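The two complexes that follow have chain A in common; it is paired with chain B in the first and with chain C in the second.
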Partner chain A sequence: MLVADLVINGLIIGFLYALMAIGLSLIFGVLRIVNFAHGEFYMVGAYAYSLITLSSGISPWFALPLAFLAGSLVGLVSERLLVRPLYAGYANWGFMRDEYAVIVTFGLSLLLISLADKIIGPFSYRGPTLLPPSRIELGPFLLNGNRLLAAALGIAILAIAVGFVRYSYWGKQIQAVAQNRLGASLAGANVNVVSSLVFAISGGLAALAGALLAPFIAATPDVGLFPAVKSYVIVVLGGLGSIPGSIVASLLLGVVESLAAVYISYDYRDTFGLVVLIVVLLFRPQGLFGQKGREV
Partner chain B sequence: MDTRRRLKLELRVAAFLLGIIALIPVVVSNDYWLGVLIVSMYFAMVATGWNILAGYTGQFSFAPATFGMLGAYVTGLAGFHFGLPAFAGIPAAIVVSAMIGFLLGRIVLRLHGPYLALTTLAFAEVVRAAISNSMSITRGDLGLNVEAIPVSRVGYYYFFLGALLLVVSMTFGLLRSRAGLFLQAIRDDEIAASSRGVNVVTWKVVAFTLSAAIGGLAGALYAHFAQLISPELGLLSQSGMIVSMVVIGGMGSLVGPLAGAFLVYYLSELLRDAGGYQHIVFALLVIIFARFFREGLWGFTRALTPVAAIPSPTVAETNSKSDGDRSISVGRVAPPDASTSSPILSVEALSKNFGGLQAVKSASFDVAEGEIVGLIGPNGSGKTTLLNILSGHYRADTGVVRLDGQAVQNARTNELAGKGLLRMFQLTRIFRRMSAFDNLMVAGRALGLSESEAQRRANALLQDLGLTGVAHLDAGRLSGGQAKLVEFGCCFIVPPRVVLLDEPFAAIHPTIKDVMAKFILKRNALGQTFVIVSHDMPIIAELCTTAVCMNAGEVIAAGKTRDVLSNPLVIESYLGEEHDRATHS
Partner chain C sequence: MKPTGFIRKAMRRAASLSFAALATMLSAQAHEVQAADPIKIGVTLAMSPPGSVIQGTQLRDGLSIALKMINDQGGVLGRPVELIYEDTQGIPEKARAAAEKLITKDGVVAITGEHQSSSGLAAIEVAHRYHIPYLNSNAWSDAIRSKGYPEVFNPGNYNTRVALAVAEVMANLKLKRIVAIAEKTDYGIGLAELIRDLLKERSPGTEYSYITVDRAGKDFLPVILPLRANPPDAIVQLLLPPAAYIMINQLHEQGVAPSNKTWLYEASGVADYPDFWKNVQDAAKGMLTFGLYHPEMPLLPLGKSVAAAYQAGTNRPLNRLMFQGADSLFLIVEAIKTAGSTKPDAMIAALQKTEWVGTRGTVTFSNEKGFKFQQWLNVPYVTLQVTKVNQPIDEMQLVQGPGKPLDPAKLTKAK
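For the complex of A and B:
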């Protein structure tokens, strides 16, 4: 029974990981870069949710969309200022493309953390839960109602996000740019708007993950580190750029962590994913679901 | 600019910087500031090590601080558990770090770009978590006490300076040797590097190992200086600090990490006192430098030195025009009789699948020594895949490739280059951040030439190809045709046995085409063998004695060029069934 309990809790956290990871995957799919400031988008969401509800006393239900907006805004501004130069002729650069993207987003991550530390302070803020504390009986399982709700909201948001990318007009443009940036621009897709949009969505989703978890994991300047490291593990496991792969890998990681924390070691709970990652990359450098591209 | 010349200038500046640092204790006796400088030297060492890996070899690892931490813990634990003194603990730290760096290098060999960054980040976090959670051995987050070396602060200062001097001169020695060329070649284009004969696997692992050993040395010294170490040494933010030092100082230069380390650490001490804005300032600096000054502070000095005017990109064209003669007719020696001599290259029943697509189906043909073979066929017929198998970039599913009678279908690209099988790519692959001259030097040194011999031949080749005027420019600034000539030239620095050319004449000016065609004939007259993939039938007809035609992965015709080109199967594959029916009815 304990196993089933752990699996369900693992799945709950897995859906929230997925919310983080698909944003990262989307950015990689479209722009071919890994955003090392992704955890800080999460941090922005966690702070936005906690500070808005704690200071103004408005309903946490209103704080959720505001957190999304805050995350999208940070994502949008980052893209405009730092990422856009990447697609304006990087051929003659002193750096190579990957180096620039890694360095500049890593710099952004340090900047956002230190700004939060300086402006808000190193203290932690725990946002209120969406519902009064409750236990929900689901068959033989007794679950924390708020966690279940967070996971349910996570699933709903995931569905909306995936639906948007799959079926909407803008989503189709995103797919086109992801497949062939130059081709899409020749066919009339507005490549720059698509890139900004992708960053805004990605930032917003990460911020929502931060907001949904803020009642359980208090916001601090470096709260984004572990969610970010986990989403890196997830996107590499799932194959960089693959959204279905990311979702499967998120759930897998959630369950593995939940089981390993009990059966192997609680102290090392945050490192199992990393070990799995290293082992997988040894045998499949393109990730579990990724496809190997043509190199030569 | 050439690596050599750049390095010489850098060495002078580095020596000057280290000279100043050596003199500081004469003036400054304040223990606090000496301590700041000692820690700066720790960072300077780790940053120099990381720069070998990331700046020169292009392997962007996120774990520089991890190796510092490992070094510190090796000597710390050896002292704590076994009472090992510092003079034994420090070498142990170097060896253990180097071994772990070697292993990491082997593990991440096949990873590139973001995958590499992410995996090394994962490695860094796993190691840190392991140390922090192994309470019984490492005392975890409480930290570990390490014995001091019984010297004064100035004594420590010169210990660190000596180590830094060692690290910098070792790095200089490394970069000045052929390794410097190879590492940068790997950074610019791994596939091209292996095609020129560079053993990419070995040199990548060398870079990882060295970088880790330097980190281990620095960390071990730091442990004995600080006397208390904790897993915080390996925090991601520590690695971030090291990355920012190198980025601000200038990646891929000898001076950059030194200047960056002292400046950033000194500034961070100043800013810490002035309200704790140091992290914000560094993050901003990293972003600003990455965004606007990609070569860091060291790049500014390069901007100050006068840059020679870029010669017009038509140098090669004008040089070759002076020959006047536009037709290609260099006295061709009769090729050795293919029927009597055994083939230099033979392909036997070669097949290759990509998923469900059979790109090459049981292809067989022979290439006799001294021939120029045209490999033709419509797009998608498997020509490039075949070349990729011949040059060792792909493994064939089945079949045998023989070079001089020796089965080589499982040989690695660089081994094949060593045996004299060289290759030029359809999309030009050169080392864009190295000069044209250094591009040729990479090929020459990788194939075993001595420094002076390689230089002599590189200059001669540049002259022959009309590239002398642009020899010392970064290859990335050359025109498309010039870049192609550089890659072409790399195949000839050591007389090759077989040269595979993939679409050498596509999208270049006719005069450059002429230069190449004449060069091919000249080299062929010396007995060198060529396999040329091209869609340019007139030039195939003119250059090639024999031709092989592929369609849908199969060899459909092989023999004398004239016969192959008039073979109805070949015409059909090129022009389609419609044409075939029309001409036959």
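For the complex of A and C:
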């Protein structure tokens, strides 16, 4: 019974991990850079949700899309001001490109944490739950109603995001740029708009994850650290740039951590995901769903 | 016409007298500048995560109030007092570096403010090495006292006191199985082990165990779900915010505690923190809590002045950390006054003989070895039960008043 409880809760948290990680996967898949400020997009969403609901008293259901917008805006501004120079003079960057991306996104992470600490303050803010506190009995299992709802919303949002990328006009442009930026540009795609869109979506999805988890994990300036670390593990485990891979990896991580923390050791809870990552990469260096490739 | 010998002598004498007068005037001015130099006192606090910022803020409030009161009365020894703050983030390495910097670079005559035991344990080594008085405002670990450093004085609460309170409540409730959830720090583990030892004496039939968790953790479900599968009779919570709030919420969310099967005892005294209800909301209803301040505790005249100044400056309820912060600074200044000097030996000797009427009681420092060393032993405390959401401290059910035994008839199991 406990095993089943842990698996179900692992899956619930896994879907929320997927929401955090999918944006990072999208950025890497399209722009080929790792965004070290991804955890702070999550933080922006957690704060936006908590502060809007606590200060204005509006329904948390209205605060969710506002949190998405806040995350998207931060993503958009970050891309426009910090990341665009990376591919504006694309051909000239050479070996410095990745280093620039690391430095500038890491710096952005520190800046956002410090701004939150100084402007909002270092205290924690817990957003209200979407529903009144409830426990749902599903057969022998007792589940928290709000966590179940958060996971369900996470699944719905993931489905919309995947559908958008796969079938919509802008989604196809995203896919084209992901395949070949220069080629897509020559074919008429507005690559700068696509890049901005990717960052906006990524920021918005991470912020939504923060908002959905804010009732359970209060917003603090450093709250983005844990989803950031999880997201990097998930993205590599699932295969860099693979959205289905990120989703599967998230669920795997959620369940493994949940079971191992109880049956092996809670103290090393965060290391089990890394162990799984190492084992998978030993046998599949491209990750679960990634593709092997070679650059010349 | 050249001056004659007599005139030259007179001119030389006049010049010498002028220089002497000028030198005297300048040295008198210099002496005046030195006499007006502020007395610097260092303060180490967590002002950013992962430390407990809410504790740091409340202590700082109390220190600021005390500073103003002291300087409004002319300071001490004719000199104003200046506080120099350092942010330790609750990290021992930073606390050690902060203490080092305050002593060697800023030239402080004493250090105070610390509220996190791991940081305190690191910083007292520096204070001991440089032989500088260290007033431990709120780090509870008994290990800080047991070191026996003559420089370290403890006017705040200590783990054994809390463990006694917890053991008394648990023994009174006659519980079969208790689980403590402690943060993985010197405070958390130290207190968990003290509770174990005291329960063995006072309630030998009670099964007790403790689990340690990372204070920076965000999701404690892997710890909570096994407790839901096999609920104990009581859970004792030994975490500081924000982890404390997350734990309380998740215990409630999973229906573990407080419940009609399981008591929840919050031993860190966080119920009087200004952000407690914002973060915990309905999860704390039915919770028992250890408290170091309650309106039923007699406030002495100094305490009333401090309370009035605090409420004039903020609209927050009174809390014990604010009083502890104020007491720490007042004690240092009192020691300087008694010693007539800022020399470490003189200040330490004065502190050792302290019998000072503070905000909440008369502070004296024991000279018994072990956890009682240079500790104010009679820190007043209470045990409270939360009966309503958003309930202020003064409306919580007082199940154990200051200096009184627990009244089990006042305890109510959660539904």
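What to note about this one:
Going forward, the second predicted complex is superposed on the first by the 280 of 296 C-alpha atoms of A that agree within 3 Å, B and C clash if a C-alpha of one lies under 4 Å from a C-alpha of the other, contacts with A are read in each partner's own complex, and residues count from 1 in each chain.
Simple rule for what comes next: a contact is a pair of C-beta atoms (placed from the backbone, for glycine too) under 8 Å apart; a residue touches a chain by one contact, two chains touch by 3 or more.
Keep in mind it's a predicted model, so treat the numbers as computed, not measured.
In the superposed model, A:Asp98 makes contact with chain B only, not with chain C. After overlaying the two complexes on the shared chain, residue contacts for A:Phe216 are found with chain C alone; chain B is out of touch. Of the two partner chains placed by superposition, only chain B is touched by A:Leu110; chain C is not. Of the two partner chains placed around the shared chain by superposition, chain C is the only one that A:Ile13 touches, whereas chain B remains out of contact.
Comparing chain B with chain C, more residues of chain A are touched by B. Contacts of A:Gly183 after superposition on the shared chain: neither chain B nor chain C is touched.
By the touch criterion defined above, A:Asn144 lies against chain C but remains apart from chain B after alignment on the C-alpha atoms of chain A.
By the touch criterion defined above, A:Pro122 lies against chain C but remains apart from chain B after alignment on the C-alpha atoms of chain A. When the shared chain is aligned, chain B and chain C each come close enough to touch A:Asp267.
Counting contacts as defined above, chain A residues 117, 225, 267 meet chain B in one complex and chain C in the other.
Touching chain C in their complex are the following residues of chain A: 1-2, 5-6, 9, 13, 54, 117, 121-126, 128, 133, 135, 142, 144, 146-147, 216-218, 220-223, 225-226, 257-258, 261-262, 266-267, 269. Contact residues on chain A toward chain B in their complex (touch as defined above): 28, 33-34, 36, 82, 85, 91-96, 98-104, 106-108, 110-111, 113-115, 117-118, 225, 229, 232-233, 236, 240, 265, 267-268, 270-271, 274-275, 277-278, 281-282, 285, 295-296. Taken in their complex, chain B has these residues touching chain A: 54, 58, 60, 107-108, 110-115, 117-119, 121-123, 125-126, 129-130, 133, 187, 191, 236-237, 240, 243-244, 247, 251, 276-277, 279-280, 282-284, 286-287, 290-291, 294-295, 299, 384, 388, 393-394, 425, 433, 476-477. The touching residues of chain C, counted against chain A in their complex, run 47-50, 53-54, 57, 184, 211-214, 216, 218-219, 221-223, 225-226, 228-229, 241-242, 245-246, 249-250, 252-255, 275, 278-282.
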